[in-house]
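Okay, structure first, notes after.
Labels run A, B and C following the written order; every chain starts at residue 1.
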Amino acid sequence: MTHCASFLGLSMGWRLKGEAGRISVLRSVLQGFLPALVLALVSAQAAAAPLRVVASFSILADMVRVVGGEDVHVEALVGPRADAHSFEPSPADTRRLAQAQVLVVNGLSFEAWLPRLLKASQFKGQEIVASMGVIPRRLDPSAHDDHDDHDTPEPDAAQRDIDPSISAQEVRRGRVDPHAWQSLENGMIYARNIAEGLSRVDPAHRAAYRERADRYIQEMKKLDTEIRTALAPVKAEHRRVVVTHDAFGYFGQAYGITFIGIMGLSPHAEPSARELADIIQTVRHSQGVALFDENGLHSRLIRQVSRETGIKVGGSLYSDTLAMSDEPADSYLGMFKWNAGQLIYALSPEAKR
Amino acid sequence: MSLTNALIHLDQVSLGWRDRVALKDVSGTFEKGSLTAVVGPNGAGKSTLLKGLVGTLAPLAGRIRLGFDRVADMAWLPQAGELDRSFPLTVYDLVAMGAWRRTGWWKGFSQSEHARIHQALAAVGLDDFSRRIIGTLSGGQLQRALFARLMLQDAQLLVLDEPFAAVDSATTEDLLQLLQQWHNEGRTVIAVLHDLDMVRSCFPNTLLLAGQVVAWGQTEQVLTPENLHLARHLCAGDYL
Amino acid sequence: MTGLELLYSPFIEYAFMKRALAGSVALAFAAGPLGVVLVLRRLSLMGDALSHAILPGVAVGFLVAGLSLWAMALGGLVTGLLVAGLAGFVSRVTPLREDASFAAFYLMSLGLGVLLVSLRGSNMDLLHVLFGTVLGLDDAALLLVSMVASVALATLALILRPLVAECFDPGFLRSQQGRGSMSHMVFLVLLVMTLVAGFQVLGTLMVVGIMMLPAASARFWSGTVVGQMIVASVLGALASYLGLLFSFYANVPASAAIILLAGLFYFLSIVLGRTGGLWQAARQMRARRRQLHPAGS
């Protein structure tokens, strides 16, 4: 609207004066006109283009999509069904990050490949650490090494903000469980952090982000209550699950379930015969332990435990990735509902023969 | 299969590799039952000729006509340096390879075959060495074992490339006697040699090469000073 | 528990230990002799290189048919043989030697594999999914490795004579047969077959290790081809057995324990071996010196 009016005035002024007169008209009109034009363009930009956000992996991407709504455009670096632990960024990823305005990462040393990618892309936008404020789960409370590990990359300052009692070394050395999103309480902290971070970059939509985050958190609270109710009849001694790797510690902490990972924190280490034997013994001597595959992948070692103990594999749990779209676990809440459902079914008394 | 008097007939044969012609225009005949020495300066193409006779190298030009079944009736002794001395093989197994024509790759070894192997070992003076690993043999002993293998092959034509190089004189004498014996048995023998005195005393026929045929026929007529000088000149090599 | 019981009780108590032992011993029996042939032909690094050549085929098999053991094995077999065959062909027709031409082909194959996997988009750690682990053997895997090991061993026994002849004196064989020997091609098929089956059930590290380490050790104990093959099989089986026990009692990853024990046997062989070992060489040297300088002179 403003453009048309200004243009009309300009052309009219053009016809009325002579050559020299035209130049002076031009100058005065432009001096008044230009700021109005700029303001109009800027507000148009803000109204039309969504924020360009890159999330490190699929679960975070989904959360950003919910909180950001139509005001953001999110891409995940590590997509659904992909492995964030062994991810290798491609040139396309570097480009994507370079053009992004916001980067959302998990933190807690989950993305080991991130520092190099940041350097390569020269990312200058805003970085949001989703797990800021989360109380991390220590993996080995007794261990406390003093000497520095020169091989691992430097953590960002945000890591240390999380919990000053945990040293940067512990985070760096992977002594902290990074799968914090497996607890809905932490999920709420994630949602808050994402909303705050987006608002910092895009203050115009602060209210919208806050509102969506609030609604999201309400849904999480509801789900949390449902899960607790459904798990109530399962006795404490029966709450044991064997999975491929130690990814469900926070879930276990929240609902009082013991998760036994065959391969430790990363899905790539090889267990020793002793570790496998111990797990089999535990399963043999406990009542009603459940066995699960992970991320839709068929695990040879879980099958081995299943064969040796006679317990059938209860299903598949999603640990650090979402399922492909159109599957039940293709969103954060969907994944949570799926995991909880599988676990409740496997652990509840009716499921036992 | 009948064997005519001409065992191998060469007709304008040229031999060499992709980038180099080693022998040009070789024409002549190896007669059945002959004992021929192939001599010439270094680089004269002697080994190349043998490879052509044996079938390893196809002629670049010309034709080699054989009056025998090459595979069945020929035995070839390559230059000693080409064998892997560190290979874990016993003397017995090495000699036993000679029975290939009769046993193939899967038939077992009969009693008579074993007897033949022992005979061959005895003929070369290695009867106590059958269990030894070839890596522990001296040059002369290895050559004896290879001659035993030749014996086992029981071929009508024997082609030997420098059989007495780096071999002690006692062994040379013994093996030379074997060659004579084979010649007396009516077999045809072609051998590349360096020792002209040995050639003059033991070999009735000689082929003198220098990138081409310099002379071919009776030893006294071939090994004249003029021919030897010509050969040296043609090869620009120096050894004799 | 008595000392003797320590040696066998884990295998009785746990089915997975029994399977691991059966699978790795079966593999060791076939891989050892094959490794000896590789050492004799100066192709010791071919096992490792072939593992890279096999990976793209296994990946394609997986992408096409999912986690089917036989589909992946077939894919691996095809690319492995293709690479080995092409390399052999190029080395026969051009001046390039077999090892260099093989290096060229397997690197291309590896690059192709990486490309294929990335094209699909999924970033899953395929190596972990595709290849097995010694503790995770199921009945199908055990059957595969036992079958392949038996066929490989039987065929090797059959072609042993021409194979040895071709290794030692190819010219002789050619002069006797009028043509080159098929035995090398057959051997390559056996090798690829064993590697593919091994990777599927036991992972790459273990298979190449159990193939080459005992074979390298064997030459210090025997001077004949067959003798070395027997020693290699025995050492491999022993390393598997002791390695599994070590993994059980000392809480060490299984494949690594087996390979490290095979490596220990290698060092022991270098020092103590009867044929060419260091200790024996020193003893012979002393004996010779005593001969040349008898006491009192």
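Following the convention adopted for this analysis, a contact is a pair of C-beta atoms (placed from the backbone, for glycine too) under 8 Å apart; a residue touches a chain by one contact, two chains touch by 3 or more.
Keep in mind the model is a prediction, meaning the values are calculated, not measured.
*Asks:* Measuring from CA centroids, which chain ends up nearest the centre of the complete protein set?
*Replies:* So the chain nearest the centre of the shown protein is C.
*Asks:* What chain is the most remote from chain A, judged by the mean position of CA atoms in each chain?
*Replies:* Looking at centroid distances, B is the chain farthest away.
*Asks:* Could you state the distance in Å from the CA-based centre of chain B to that of chain C?
*Replies:* 40
*Asks:* What is the distance, in whole Å, between the centres of chain A and chain C, each centre taken as the mean of its C-alpha atoms?
*Replies:* Centre-to-centre distance between chain A and chain C: 44 Å.
*Asks:* Mind checking the centre-to-centre distance between chain A and chain B? Centres are C-alpha means, answer in whole Å.
*Replies:* From the centre of chain A to the centre of chain B is 79 Å.
*Asks:* Please give the residue numbers of chain C that touch chain B in the complex, ascending.
*Replies:* Within the complex, chain C touches chain B at residues 40, 158-159, 161-162, 164-165, 167-169, 171-178, 183, 219, 222-225, 227-228.
*Asks:* For the complex, give me every residue of chain B touching chain C.
*Replies:* Going by the criterion above, the answer is residues 54-56, 70-71, 74-76, 78, 82-84, 87-90, 93, 97, 100-101, 105-106, 133, 135.
*Asks:* Residue numbers of chain A touching chain C in their complex, please.
*Replies:* The touching residues are 78-79, 81-83, 85-88, 90, 267-277, 280, 297-298, 300-301, 303-304, 307-308.
*Asks:* Write out the stretch or stretches of chain C touching chain A in their complex.
*Replies:* Result: residues 10, 13-17, 20, 67, 118, 121-125, 128-129, 132-133, 135-138, 244, 247-257 of chain C touch chain A.
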